[in-house]
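For clarity, chains are labelled A, B, C, D, E and F in written order, and residue numbers in each chain start from 1.
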Amino acid sequence: MAKVVTMGEIMLRLKTPGHSRFVQTGSFEVIFGGSEANVAVALAHYGHQSYYVSKLPHHEIGQSAINHLRQYGVKHDYIVRGGNRIGIYFLEAGASMRPSKVIYDRAQSAIAEADVNDFDFDSIFKDADWFHFSGITPALCEKAVLLTEAALKAAKRHNVMVSVDINYRKSLWTIDEARETMIRFMQYVDYCIGGTELFFNTIHRKEELTVDDYKQMLKGIHDQFGFTNLVTTLRETQTASNHTIGALGYDGIDFYQSKDYTIQIVDRVGSGDAFAGGFIHGLLTKNNLQDALEFGIAAGALKHTVPGDFNLVSEEEINRLVEGDSSLRIQR
Amino acid sequence: MAKVVTMGEIMLRLKTPGHSRFVQTGSFEVIFGGSEANVAVALAHYGHQSYYVSKLPHHEIGQSAINHLRQYGVKHDYIVRGGNRIGIYFLEAGASMRPSKVIYDRAQSAIAEADVNDFDFDSIFKDADWFHFSGITPALCEKAVLLTEAALKAAKRHNVMVSVDINYRKSLWTIDEARETMIRFMQYVDYCIGGTELFFNTIHRKEELTVDDYKQMLKGIHDQFGFTNLVTTLRETQTASNHTIGALGYDGIDFYQSKDYTIQIVDRVGSGDAFAGGFIHGLLTKNNLQDALEFGIAAGALKHTVPGDFNLVSEEEINRLVEGDSSLRIQR
Amino acid sequence: MAKVVTMGEIMLRLKTPGHSRFVQTGSFEVIFGGSEANVAVALAHYGHQSYYVSKLPHHEIGQSAINHLRQYGVKHDYIVRGGNRIGIYFLEAGASMRPSKVIYDRAQSAIAEADVNDFDFDSIFKDADWFHFSGITPALCEKAVLLTEAALKAAKRHNVMVSVDINYRKSLWTIDEARETMIRFMQYVDYCIGGTELFFNTIHRKEELTVDDYKQMLKGIHDQFGFTNLVTTLRETQTASNHTIGALGYDGIDFYQSKDYTIQIVDRVGSGDAFAGGFIHGLLTKNNLQDALEFGIAAGALKHTVPGDFNLVSEEEINRLVEGDSSLRIQR
Amino acid sequence: MAKVVTMGEIMLRLKTPGHSRFVQTGSFEVIFGGSEANVAVALAHYGHQSYYVSKLPHHEIGQSAINHLRQYGVKHDYIVRGGNRIGIYFLEAGASMRPSKVIYDRAQSAIAEADVNDFDFDSIFKDADWFHFSGITPALCEKAVLLTEAALKAAKRHNVMVSVDINYRKSLWTIDEARETMIRFMQYVDYCIGGTELFFNTIHRKEELTVDDYKQMLKGIHDQFGFTNLVTTLRETQTASNHTIGALGYDGIDFYQSKDYTIQIVDRVGSGDAFAGGFIHGLLTKNNLQDALEFGIAAGALKHTVPGDFNLVSEEEINRLVEGDSSLRIQR
Amino acid sequence: MAKVVTMGEIMLRLKTPGHSRFVQTGSFEVIFGGSEANVAVALAHYGHQSYYVSKLPHHEIGQSAINHLRQYGVKHDYIVRGGNRIGIYFLEAGASMRPSKVIYDRAQSAIAEADVNDFDFDSIFKDADWFHFSGITPALCEKAVLLTEAALKAAKRHNVMVSVDINYRKSLWTIDEARETMIRFMQYVDYCIGGTELFFNTIHRKEELTVDDYKQMLKGIHDQFGFTNLVTTLRETQTASNHTIGALGYDGIDFYQSKDYTIQIVDRVGSGDAFAGGFIHGLLTKNNLQDALEFGIAAGALKHTVPGDFNLVSEEEINRLVEGDSSLRIQR
Amino acid sequence: MAKVVTMGEIMLRLKTPGHSRFVQTGSFEVIFGGSEANVAVALAHYGHQSYYVSKLPHHEIGQSAINHLRQYGVKHDYIVRGGNRIGIYFLEAGASMRPSKVIYDRAQSAIAEADVNDFDFDSIFKDADWFHFSGITPALCEKAVLLTEAALKAAKRHNVMVSVDINYRKSLWTIDEARETMIRFMQYVDYCIGGTELFFNTIHRKEELTVDDYKQMLKGIHDQFGFTNLVTTLRETQTASNHTIGALGYDGIDFYQSKDYTIQIVDRVGSGDAFAGGFIHGLLTKNNLQDALEFGIAAGALKHTVPGDFNLVSEEEINRLVEGDSSLRIQR
């Protein structure tokens, strides 16, 4: 199996129970998550040597984040300890026509203030097969841009395949800041997930976008910037509790489209990361983009049924869904 | 913002967790609620000076009811302490084809046994803009009829606008008792919510009623009794877990109909009160009945997604729904 | 009311909360259940003298199983104490496209190792009206086959009506073993529930089977083996959260088909047993197979809305559903 | 084993979790309990045919009370259904120097309003060996006095031994009312538990009372009223979390005193009833008052370690304590 | 009753359940607390008009802090909204020889970054009777020093009595920084709680200090700095679960010493604040320092039995303890 | 840091919440534990490369056991997957005079049925510094005796230090079986923990044993069998909630005795293992037996304050206790 490396910010996730609103709650459910950590856990579940790179404070909440990762098989050898804070996000699950809500409290987290010298990227990428990052890390602050760039350069020095999930967060930076940085980073990227709203920002994304609109956008990104291997998920939100998702890929020549899945949602946070994790695993083990998309979107669909950020499903469970076993009887 | 007054019975609500049946439960979730208190909380959330009038025993359960109200911004200056009991209702949430179940244990509650002299209605309604009550209070007992009437007379003495939610409860009084009393009270009422089953009781309400049936009934009520400004919610129950709701209004001249919302229910208790609260806020702040209906029904729809009796949503969240933002993406 | 006897294995059921996966859980919800015990509880709820026959260890977990049964009105006079283990099953509730999962840990349970001499079947079936068992008990081991056969012979000696739920469990025995045993037992059986996959195993059951396919299979079973009074439930699984169920019966002459119910699932475990329990009650109290099927399938439908193995609904609630009261308003 | 009958009011007990105060709680733990029901459960645990006599409403909360009793082996054949309310008591557990608090909400409960004709006392006491009641039942209202007296007369008609736990509750009646009634009832009583504060009310009970004071009082009660077989528990409260308890008996001739136990309290509610239950079992099975006291006080001591009203300990566990096995190692 | 003003930082408190360690927890109990807010709640419970001054972010966690305060009767008219963060503290409850642990995450909280101009201190202190603050607020940052000083000057302009709880926190500033600032602030202070370790820092505080040592230190502080009205709590820690507390006061002439209380701890956080709240109430309502100390230390003792930061006990409960009612029977 | 190897059975631990009895519980708290696994976790916490050797079934409960270990830093490289069952133990926490209770359900667990060939002991003990096992593993069955012996021989082949915790379990084998086997194994053992009741069985262990009795027994074991380096814990049980513990060692020449600790118990399960883990760490890092005993007993004492089987305390926390810092103030 492959050595895969992800880098990013793992946060303390504090969720109200069930569908309770923030102002009602007397408790928070405690787990840890974050876009890249979620990918790391998925890849560990598919049997890879999955290394997560980050920085966490010395205190017990930082330790708990590490424990949470290693509980699910992620290797923490490259996690540096130090800094003062772990980023936090508060989560309230929506329902029906009430959207879910996230309050971020991630300023001055250890990873945002980490120094390039905190990490030995040549050790990290030695013998590595894949590096995945997201647009959230460079969005944190200028130091994090430098850190990301150092990682990307090291990855390329070691001939590691690189994927990115654009994951534009408007609360962290402006679309112009994001565009400037991410376009610069694309030279290191082999597979790009998402980003239509960022790279193709003349069109404001609306819900009514058709698959053809998306095809046009992917082609536009390719034509304008020269990026290849672009994929995006397609999501139709009937209510906050029911979505339909699919995936679309473009390799600069052909379009690839996955099956659709209609989902009654248990927890949608991390479903994009579950897609990314499944897609990377697909690329590492399948022959073609189409199969990678199918595995990725089935993984992403299943994530919606699992509480928490992490996609705690096995390769076998995903394959069963890909192969269309829809009996859904109790598995005894 | 307006000074609004509501009066009624706030009860201890004891709900089994999730969808557990009464005979299964080892615990009850504890909140407080009641038709008029629910309206009071909604109005506090929209920024009004929301005063709740009731009577509660001196003991800590009575105190907890007050704390629950003031936690959400309701003013308790006019709540009198005394009496022996706080009314209780036990709740079991239905699902699919199993309806929800309520067991009332409200006999001899403090408010049911309250005396007119317990309250100084002239202080209460001084500078007030709105008074809302429901048909539940006079249904409690004869003393409560007198209390309600005293409040209504005082409200009108102070030129306060009055709304009623008819809320006929067959376990509390007969339809004839209710008709007699509520028709008498309508002379004080400016806006009347519900009541078709009460005022128009020659037709037994069935599920198959069309909007036109409702229009006919509202018109009939108007023609027969001379009531104006009648509104009603329209509810179609696909299952105990899925409903479609809308609202219909009649000002004696024109009919007004809101958008419909189809809802996957988290907790439907209090949704009628949420409509009432939203509708009153609409009347206090919008130019017309149509807009008030739209705000009211969107408020009522959102209530179904909030656990508990209270509609803990903001004016901004309701407006976003009214304006049709249906993206339902996670709000980060 | 009738004296009904069921015999089988009641297990400790350990379920993760909500939709949590096994690897996520920090607690298990504890109840007890098992195919025949579930039928026993249902029959107790409809007012019968419901006796459950089994063997349970002396320790407190064994005692808790008895307490759980008697809490819901089942008579435990014929439960023998002894043996070392109570069977356990671990349950993880699926959602959407993720199926539910059961891990059995029932080897060497007290009932599996029980001896025929542990029970005085002549006392047990004295004055009894009905005996129900399932194919799970003889599947446990050879001793359990002997035990079941002894019970069946005693039941017939006492002219007790006998029903079986075939309930083939592939983890316990092969289809050939099951066929050989169950066909032999059919001589004692008056009503047979399920079994199309077992008795008619030339056709592999697929999801796409139509009602006509089922009719053909029931007729085939009747023609080939001479069994009469065959019933089966029909289940269409839209997702792990939504099913449509109905029932089909064949008395060797005519087919009988119930209404269909589409269900949003709270807990589907035990729904087949709920059907069996309702169907037996229907046979004991109604005039005909059609009405028994209707009561049975309505009971089975309602079970999906009740957490746990047991169908904690009343005869009145089932009748209301049979009679088509679909108002689903809160019952106050 | 004996047929024992207890009669009284079983209530819904709503306790805040841990040491939370009423105003803090978001949930109540739900069990059922009451002085006589607690005795009934204890006696069922020691192997007796334990019948509980009461009246409970038809609704599911009433049913849950019955289920709670039969879960622990109490026979409910003589529980009548009807009336509107089940009594409720709210409980907040104290700690250290903060005493526990109980809020009663038992007005107009079904048993308080029960009629003598609701019960067939001749059936109830046929073949019975023992009848136990407490001073709480006649304290409820005048109808309950009549009910209690009817039960006592019937018990004596059937030569049933009678015990009473005086259990004076100042919130239910005055000391004069209680004295008048309980003195009248003592003609039917064979064993009297407690009552020093009631029968000997010239001395106000203070904490500093010595064993000699108690002896003098028991003797005084005997001399003044002619009552024999008087027992009382002795309790020294170091803090709300630590008590020392013992028991003292007087048969009109000799005094009997039990060992003392010092206890770290888990839940002290029902410990007096646990003593009563153990004491009655002692009288039914041991040779002398001393042994009955020892068994009773050990049972009462163990109750303090069990959450809830019921003393869910076995005869064997009590005997081990009586015999002084103090190893307290984990029992594997 | 008096108008009392407190100012400080209220934090989100995240506690692991029971005695769980941070690395074990799957949930946090959510309340809000902080030294001065705890005093504000106590004073509201004793019937005062208790105003809390702080700054909180606009988001729902900030709102929840306000709701938490007003639930318990604190007035939030002077709480300003703005800033990005609410301070957080993580709490793990110790036991026996394991001390409790607090992890602070309060950098850049809204109040730490608040500006003097955010508050209208002349309104705040108009007609006020008392102002209480603690050494924690100026410890936050330089801006907070200015804010505190502005408040103190305004308080004195309005002739408001001022008390301070020195509450030295070594994680926030050095002892020299603290000394310099707090000595400067003492000119505005009428009553000073604690501070021996700060003002008298030539002696390192050890556990073995006797009451005489404390007397000497208080006298030393008075002699050296000229401060009058000094009080301090005396705490002896047997284990993390058992403490003995008392209080000592010095008015520059005489020493005053309270009764001692030995406590089995439920939650000791906030017990110092509970003393402060009780002491202030004592000063506002009693004739002398001795009585104020007694009320304060009884309040502080009771706090140890209440979960959470707030001392949710009534004046009546405290008086009962002061008066030595140690019956500790269940209060029915 | 050292490479340490432990081998044994990790079980699913199912505990009732708080002090609930088995028959009361509606849920079990889920963790995993076992004598040797507990030692492995402790050693991982002190910074060693801690490898745990066992066999676990493929299913998700087996996976959860692995996740639980690696969450706390134990290396699972040598855990083999296979077999059908994971051992289970049910736990009910005692209080005061009620002892804790364990129900084992460990028959036919994967490790009990493991084959010597399942493990490559030469890889396992390559470069290892320490091997720890307990008498529980060979007690499981004959196969487990062979497995243990194979491990011991391999350990000695690789010059690994060996410690054993005798841990005699009377429910698994007789004292004669245990003696025969354990005496044979002692040839491979360098440090022996416990065993006085086994090796010195002419004297029945009673609570009243003095330190001198223990010294005599340790000396007797040494003299009779030639074992050196014997240690034992000394435990005095005041109640099920309060114990005093210490440790005693004998190196064949001198006796070593640790400090005593008196403890209010949160969870005593695993405290012996915590002593073993601490003692081994002491031996690996300190200069002498006395210091190892002190570290061990302080570790064991702290375990009583941590819920669960594992001793989740740091070396620093233990050292602070060893060094006598008894301030027990909140650590902020």
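The criterion applied here is as follows: contacts are C-beta pairs under 8 Å (C-beta built on N, C-alpha and C of every residue); 3 or more make two chains touch, one makes a residue touch a chain.
By chain, UniProt protein names: A, B, C, D, E, F = Sugar kinase protein.
None of the values given here were measured: they were computed from a predicted structure.
**Q** Shared touching chains for chain A and chain D?
**A** Chains touching both chain A and chain D: B, C, E, F.
**Q** Could you classify the chain D-chain F contact as same or different, where same means more than half of all interface residue numbers appear on both copies?
**A** different
**Q** Between A-F, D-F or C-D, which repeats the contact pattern of D-E in over half of its pairs?
**A** D-F
**Q** As a quick test, compute the distance in whole Å between the mean CA positions of chain A and chain B.
**A** 44
**Q** In chain A, which residues are in touch with two or more of the other chains?
**A** Correct list: 21, 23, 26, 67, 72, 101.
**Q** Let me make sure I understand the interfaces: which chain pairs count as touching?
**A** Per the contact definition above, the touching pairs are A-B, A-C, A-E, A-F, B-C, B-D, B-E, C-D, C-F, D-E, D-F, E-F.
**Q** For chain D, which residues are in contact with chain C within the complex?
**A** Listed in rising order, the residues of chain D that touch chain C are 67-68, 70-73.
**Q** Report the residues of chain E in contact with chain A in the complex, numbered from low to high.
**A** The touching residues are 14, 21-23, 25-31, 59-61, 63-64, 67, 84-85, 88, 90, 92, 101, 103, 105, 107-108.
**Q** Which positions of chain C touch chain A when the two form their complex?
**A** 18-21, 23-24, 94-102, 104, 169-171, 207, 237, 239-242, 268-269
**Q** Given the complex with chain D, which residues does chain E contribute to the contact?
**A** Within the complex, chain E touches chain D at residues 72, 261-266, 301-302, 304-308, 312-313, 317, 321, 326-332.
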